[in-house]
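Per-chain residue numbering starts at 1, and chain names A, B and C are given in the order in which the chains are listed.
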Amino acid sequence: MNSRVSAIASNTFREAVRDRVLYNLIGFAVLMAGAAILVGQISVDIEKLVVINLGLTAVSLFGVIIAIFIGIGLVSKEIDKRTLYTVLSRPVQRWEFILGKFFGLAGTLVVNTICMAAGVFLAMLYVTHKLQPSDASVLAALYFIVLQFLIVTSLALLFSSFSSPLLSAVFAFAVFVIGSFSGDLREFAGAQSGASHWVAMAAARIIPNFSGLNVISMVAHGEPVAANLIFANTAYTFFYAAMVLCAAVLIFERRNLK
Amino acid sequence: MSAIEILGIEKTYSVGFWRKRPKCALKPLHLQVEEGEVFGFLGPNGAGKTTTLKLLMGLMYPTAGTAKILGMEIGDPRMKAQIGFLPEQPYFYDYLTAAELLNYYGRLSGVPAKELPQRIAAVLDRVGLAANGDVQLRKFSKGMLQRAGIAQAILHDPKVIFLDEPMSGLDPMGRREVRDLMSQLKQEGKTVFFSTHILSDAEALCDRVGVIYQGELRAVGSVADLTAKVHGKTELTWQGAIPASLKALSADAKVNGDTARIVIDEAQLDSTIDTLRRERCRLISVNPVRGTLEEYFLQHMNSSNPGSAPLPKSKNIESSQGASA
Amino acid sequence: MKPSRSVTLIASCLLVACFAVSAMLSRAVNGLRPRAAIEDVLYLKSAKTLRWLSLGYTGLMADIYWTRAVQYFGANHFVGAAHFDQLAPLLDITTDLDPKLTVAYQYGASFLSPPPPSGAGLPDQAVAIVEKGIRANPDDWHLYQCLGFIHYLDRKDYAAAHQAFLRGSAIPHAHDSLKLLAGRMAEKSGDIETARIIWMSTYDTTNSSAIKENAATHLVSIQAMEDIAGLEKIVDLYRTQTGHLPASFRDMALANLLPGIPLDPYQEPYVLNSDGHVQVRHPEKYKFLERVNPDGSTPAPSAK
């Protein structure tokens, strides 16, 4: 990665940290601790199931919210503060700027997730007193959650490159919600015929496939995650995020910064 | 090779939501700035100064025309490595310290990592922020932010430096500091292109100025030339009383002890001197009172008639300059 | 200039006072609302809507509903009321959201299917839920166990029970009791030994403490029923030998027909009636006690 992209990435990471984004980990820790203690009294005999479901759902939701809230400002904030002008007047290409911002936020989310993963495993340890080898599938679920973050980040960055923070937030949440139903959308498309079939299929393909990245329930029941699913999701995320970033670059390249 | 060559660059927007109307922010601009010059780009707010700078920096794309800086097209990364830019009223990254900010910018400008620390220290010292290198920018005053801005503009030792309203929002001390910095840059042989609507700053610093109004370049030349175009006045002092005929000429005549003084239009200079000689008054001095750019503005800018003021050519520019607006 | 002290004082007192009043009013409002409305609001009727609302986090949503089901059942179970009308929808929704939640199907078998007062008396709904589970998890032997259970105990459909146990026993790692029960369905359906095997099977294979407790309760009753059947046989033997009914267990012991005074599962002596029937001393401790026929079969359940 060239030095300008990594300079922008590390600056973005530093901004997130100094903006105290990582304080969300405190809220998460409190949530996990409370859940671990209470779950045994409320949900009979399925403590581990609930701890994993709750923990992974929280990791996913917290992260998506952070990705959207920071992502929507990645470009617009730099314009408001006029820092973008000082950056682009240097030998920095616009695409390098977009890539750097992406990696900076992605890196922040990865660090955040690693801390949260430790919290989830601690809670699991607390309720079951002993971890088993099959618990490694929880790591696979966490990895898929990180992949989900990469897609959400790229989308938030895309919206940030051309619209205001408020609109970007609305678009990003909308895409997240629809993406979680992508499985249902495909089924719906399959049931249609003619023109509506093609339209629905196209929509189902364009919308990010978050339902494919959600293996939380599976992992909570102790089932393993197939290796070829891991490869497929990794490749999917890479190409999808790359597609979105290309769109972001195309839009941003043409933008007149008034 | 000129430092800056603007060849007909122009910018038109379309505004409005439903029916788009074109709005011209900058009419085709032709301008040249030589190396080592300090060039002031003058105009009231909304005249098109910032638009011009943004077009030169590649932040906006011109509707037509091109420009070259140091002989290279705008957008060329090699060119960008040799220019510095300070935008208007920047906030910068307030969570960074001054040193971290410069480090970031230095990396982006391609300053070798080994040299960065010394460069940063030297530049901070130069702009007077040596003591605040580790203070977060959110704690900086306006004046300090402006100095930090100049620091990032000169960090990589560029040949041409662009400043958009560098004095805006500063108190007199701050303005003095920025002015001194700009003079130093000139002494180092750098080309400085800055925009301002504060005329006194331009008068003090610039070799030449360009006057822009409503998106159109109205005049270019040295300050002296332009103010000479202001219908200047002359001040006459003499010994003796004020002749009656002169009193009629100007109600301004004053007597200080045994010295009388009057300020009259240049046009009336000859007839006034004749009158004083006839009255046998002893002439002490004849001083032209130079018009200021202020007066130039007021005189010329009121006419919203494009092209009414033909570009007075300064004696030091080549006439390879393009046609006027 | 500092903030005015009198304003600070007044505002603080007002804050506390208003909080107290609003808290009391909140309680009053809750008291005024009809109870049923609260419970209806606790869940939406449509699993599909919930699936959409959960944004793909169906596992957690299922757990939340499962928690509701357990709390609901727990509260109603102890109260002894026979209003299980919310249990079926709760179990249905939970299993829609998380088809692999085995314990929910087991609850269906143990508490939805049996007749009141210990269950909701909805065996057909329980069957529907378990069969839905089997479609989603064809390799989970627990579900066939549940199905067989419901068909045998509550619907008395021994052929269907046989089928269920048979299919379940074919699954690798299935519990041995399934094979055993499949066999017994054909020959000895309806007898007490089979019932004991069923409840032992449940007791051994469940992780849920409520289900285990329920199975234990049944087993205690079955134990007593078996004891009584055995004891009454010995009474008959005595009568055959001596020509008259025994006056007490002591007589039977003296006749070397019993090792001592027989004790029930609660360690209390059985009671010998004058007509030769044996009873437990405290019938109220046994929830599922029924008369056992001489051939070992249990009569059709009467509503208790």
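Annotations
One rule holds for everything that comes next: a residue touches a chain if its C-beta (ideal position, glycine included) is under 8 Å from a C-beta of that chain, and two chains touch if they have at least 3 such contacts.
None of these values were measured; they are calculated from a predicted model.
Of all chain pairs in this entry, the one linked by the most C-beta contacts is A-B. In terms of Cα centroid distance from the overall Cα mean, chain A ranks first. Relative to the C-alpha centre of chain C, the farthest chain centre belongs to B.
Distance between chain centres (mean CA atoms), chain B to chain C: 90 Å.
Look at where the CA atoms of chain A average out and do the same for chain C: the two points lie 43 Å apart.
With centres defined as mean CA coordinates, chain B is found 49 Å away from chain A.
Interface residues of chain C, counted against chain A in their complex, comprise 52, 55-60, 62-63, 66-67, 70-71, 98, 100-101, 103, 207-210. For chain A in complex with chain B, the touching residues are 3-4, 7-8, 11, 14-15, 18-19, 80-93, 254, 256-258. Listed in rising order, the residues of chain A touching chain C in the complex are 42-46, 49-50, 52-54, 57, 60-61, 176-177, 180-181, 184, 210-211, 214, 216-217, 220-221.
Remark: chain B residues 54, 57-61, 77-78, 80-81, 83-96, 100, 104-105, 107-110, 149, 152-153, 162 touch chain A in the complex.
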